[in-house]
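Multiple structures follow.
Okay, so chain A shows up in both of these, paired with chain B first and chain C after.
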Partner chain A sequence: MSYFESCLHSLPEGSDSPSKMATVARRLGYEGIIICNHTGFEKFFRPDAVREVKGIKVAFGIEIVANSPRSMRSRVASARARFPFVSVHGGSEETNKAACENPEVDVLFHPEEGRKVLGIAAARAARMNQVAIGFDLRPLIRLRGNSRSRWLEVVQRNLNLVRKFDLSMTITTGSRSCLDLRAPRELRALAEIAGFESHETEEALRYPARVLELNSRRWAGPGVEIL
Partner chain B sequence: MRSRLPVLRMRRRYIAFEVDSEETVKPKDLGLEIISCQASLFGDKGASMNRIKLISFDGRFGLLRCSYSRVEESRAVLATIYSITGIRAAIRVKGVSGTIKAATEKYIPKLSLSIAETSAENDGRRIELDGVSGWIIHSHGREIDLSPDEKNRTKGSDTRYLGLTSFDLCGGCDDADGTADGLRQGDNCIQP
Partner chain C sequence: MIQRPENLTRHEMIGLSVLVAGSTNRDLVGISGRIVDETRNTLLVETEHGTKRIPKSNTSLTFTLPDGQKARVSGSILISQPENRINKKMQRTRWKL
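On to the complex of A and B.
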């Protein structure tokens, strides 16, 4: 199946240890999870214990939070060497654009957080630099009423942009606890409510596994691999 | 009058699910939460098409009836449930079937009596690790729920307890199991 949940937050940021997250995700039918704590919480709680959980692949990544594009670039550069999965916590227009223009970034998560649509220039840059757009479905679960409908509207517009520029995308629940985790089929049902097509959700759930596989190889430069 | 024509009979699907929650949830509260989530997500018109009804719920496993053609929508309704009367909960769909009998036999374990009444009382065992310390609330298999001493640890996630596994407890030393009271690593040794 190779479905991956790509943006989990574990202790000390969330409330569950990485091994608990892995146990629950395995029960729900995931092949792997990527634990991406925000900047400032990179010191994971007992990262070695996840090796004992059999039957699921666990990778550790990072979700970079930065106030300015400049600090984001330096944080991405330092994180790239340490983590196999580097994502950026989007929101403001400058951060979204700077993340899309950086080829070192794998995924830009929730660019709609500031209720701003991803710009055309940013989408074009994301296409050039192979930056995927991560749709965090947490607001669909958490919010109710008017705020949720506003969120759905922004996501719909971003989705149109993603389709137009043929960008890669991934979906996640952005879980901070194992009670936030949803099984792949439930995630797909939720995503279809938000306007995703069935084949897009399938592709989106498989995408993190592909990124991890690409990042595990050694690249001398764009398109040149050291064998 | 109700239609007697078999061709006009509405087809149904039964969704067997399991509720994962911090405390025991009452069937009535769950029913109300499902209805309110459905109304919020689909509105009155969508709700009339889904025709969701809670058939049974025993505190952990339950059965939900929905329209034959709206299984995915009903799944989405269950996925949007975040908390039930203030208790953090998540609903895991076990399977979908066409009859109550098949759904019960296939997806709901017969011996679900072993569900202990989960209470917020700790049983007097403590875990003290670097960075995390607290009282054990309940443990199930390898999973342990911990009531942390620092209450603001769970602030970001809205949960009441921290979730650990017994894998986390074995510290740097092979003999140490990380606890102050001798909660040993292993499936059989952790008794609630």
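On to the complex of A and C.
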């Protein structure tokens, strides 16, 4: 199956430890999870305890939150060597564009947070630099009424851009607790409500595993792998 | 200039030993030998069973550098006339095979 949940927040940002998250995710049918806290590796709560959870792959990534594109670039550069999965928390137009223009970034999460559509220039840059767009479906569950319909509208427009430029995408629940985790089947159903096609959700759930596998190999340059 | 995996795609290919690691044409997979000539779209490889012409597109090639280091290259990024390849603008992505 190789379904991965790609943007989970564990203690101290969430309310559960990585090992608890891994145990629940395994029960739900995931092959692996990626813990993407906003802070660095040293602040993860007992990362070694995860090794005791058998039957599921757990990777520690980072979700970079930055106020300006400049600080985002420097944080990405320093995080790239330490983490197998580097994502950026989008929002403002400048941050979204800077993340898409950086080939070191794997996934741009929450590009719709500033209620602005991604933009054609950013989408084109994401295509060029192989930056995937991450759709967090938590607002679909949490929001109600007008705010949810506004969110759906922005997501739909982003989705059209993703299809137009043939970008990779990934979906997540952005859980901060093991109780927020959804099974892949539920995620697929939610994504279809938000306008995703079934083959797109299938691919989006598999994408993080592919990124982790590619990042674990040694690359001398684009298309050149050192054996 | 010393050949390294970093500058392999911009370097002279003639004289390097190569192995076709993957291709959409299954008959080409496994061909190995020394490169004796290069055109824009193909490589001419001297093998035990004669010289073979291998297309660069849709092929994954494993090069062995003079120092014994091995590097796998996606053939599509080599598509260019050899004399112009040094100036070719590469994509800035980390991986693309």
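Please note the rule applied: the second predicted complex is superposed on the first by the 223 of 227 C-alpha atoms of A that agree within 3 Å, B and C clash if a C-alpha of one lies under 4 Å from a C-alpha of the other, contacts with A are read in each partner's own complex, and residues count from 1 in each chain.
Assume a contact is a pair of C-beta atoms (placed from the backbone, for glycine too) under 8 Å apart; a residue touches a chain by one contact, two chains touch by 3 or more.
Fair warning: this is a prediction, and the values are worked out from it, not measured in the lab.
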Which superposed partner A:R26 touches (first chain B, second chain C, both, neither): neither
For A:P12, decide between first (touching chain B), second (touching chain C), both and neither. first
Touching partner for A:H89 - first (chain B), second (chain C), both, neither: neither
Between chain B and chain C, whom does A:V224 touch in the aligned arrangement: first, second, both, or neither? second
Can A:R73 be said to touch chain B (first), chain C (second), both, or neither? neither
Which chain, chain B or chain C, ends up touching more residues of chain A in the combined arrangement? B
Output check: A:P103 vs chain B and chain C. Expected answer is one of first, second, both, neither. What do you get? second
Within the complex, which stretch of chain A touches chain C? 103-104, 128-130, 214-215, 217, 219-227
In the complex, go through chain B and note every residue touching chain A. 20-22, 40-41, 72-73, 75-76, 78-80, 82, 88-90, 92-93, 129, 131-132, 142-143, 153-154, 156-159, 161-165, 167-168, 170
How about chain C: which of its residues touch chain A in the complex? 4-6, 8-9, 62, 69-74, 76-77, 90-97
Chain A - residues contacting chain B, complex: 9, 11-17, 19-20, 23, 28, 45-46, 49-50, 52-53, 140-142, 144-145, 148, 176-183, 185-190, 192-193
